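A, B and C label the chains in the order they appear, each numbered from 1.
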């Protein structure tokens, strides 16, 4: 996917949005500049690092290719200097984050299939690529990962990855499938925020 | 070990018990259905994933073989629907968990030796395989891992792995050693619960 | 670096100091003897494990070479028995910890370059080697990693690794660079404690 400049560009957009969410958590937890940069970088690139670790593609891309890391650190600087502005822009930031969610899920799934994983494993790894950065962000902020508590976030990633795998099985061209799977994931995420979709809690709790 | 169907079956029993413990922590922390499934899956299969990561056997078995993951998710569903029942069955669940502890410790140790680790490294990796899922469960629930605070849990895993390594050194047949090490680990764990064995705290604290 | 006995020795000194810090966190959080040993071991060797995981050098050195692990566990025992004494010795322990910081940063950076990483990736990996153990210690203690909240700790590691990379580029002999980079990292860390250097928080928070 990274060979196509357009996808690389939206991958960086997603990384930036993820980095912003990391920076805002860090600011809320009163971290200093270094802590903000680390949490922004972790949220932006850790999902891909986890993917590469689990696929054995080492050292991970994020240590070879400096751009995503630089973009995530830039997001950290934006959070440091313009936090209140970013909070007011929470709607566009959510949209960019949803773009990142879809792109990371599909890219993770694609790389997993290329590494020889079967369909369920690849869909799972796609989801882990998409949500892994946010999980690490929250673990380092000593909080229960937000993805476990709220919203249809991981499910949107899962849906995008599943569409991708099913599309490939049906023999559709890869570019077409990607152009369906990413927007599908995006749409589910945005709709879930718009309409307040929630997953059920245990019926007896 | 997985080539022997009997061991594969008790491995799945242990995975199920681990998954139940993950599901119960998730329910207690008010997570939604997705959070419950993730914590059940993580507790059930993350120990083996950590083992495979550290041994460089990538992608890890848990992404290739769908059964353990499916069994752990089934445990998550059980926790979601029948939580109060499972809480009342805490004694049998503890017994199944102790089976899993022994099986995972020995399987981890065995795979580590096959990968060329020396005896101390293999025993350590066996223990990490057995307790790793529970550690991840508690880290994701933003709690100090239970294994660090209470009970003779990790020590039981350590004992099973140590018996296995010593038995191999003495030249006993592998099947016999496994048939000793797993019940030994199980017995120590169960006895520690039955008699309330505790490890000491710092004498001056 | 490990081929030079002198460096191996100060590596063990750093591991011991890191282990002490893990043990003291464990004692403060009321963990039992096993929990203290695990946190001491994790703080002492997890940085190197993370380095080896990300470089794909598996199984990691810490599972092959028993000495660092044994030294870290010894530090755990010291914390268990002599905690109050170690607390009174917090100045010399800080100095040893700063030695470890510099050694781990340079050793991590060196190994990363040998694995073919480019300069920014190697500097980053050097820093992760130096602070990774402390991050895992705090995550397992359910706290926000101290390195994100306070002091010029990670920056000192970063500086040491950067000096090393720049020195190599300038063609200086490796032994000379190492003999500059480690003390430089040490000096920044110690000066930051001595003069209370702090990094800024977000200006608007």
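Please note the rule applied: a residue touches a chain if its C-beta (ideal position, glycine included) is under 8 Å from a C-beta of that chain, and two chains touch if they have at least 3 such contacts.
Everything numeric here is computed off the predicted structure, so don't read it as measured data.
Because contacts link each chain to all the remaining chains, their graph is best described as complete. Chain B and chain C touch with mostly distinct residues; of the residue numbers seen at this interface, under half occur in both copies. Our note on geometry: chain B versus chain C, Cα centroid distance of 30 Å, whole angstroms.
Residue positions of chain A touching 2 or more other chains: 53, 56, 139, 142. On chain C, the positions that touch chain A within their shared complex are 53-56, 112, 115-118, 120-121, 124-125, 135, 139, 142-145, 147-150, 154-155, 198-205. Interface of chain A with chain C (complex): residues 26-27, 29-36, 38-39, 49, 53, 56, 58-60, 63-64, 66, 69, 79-81, 83-84, 139-142.
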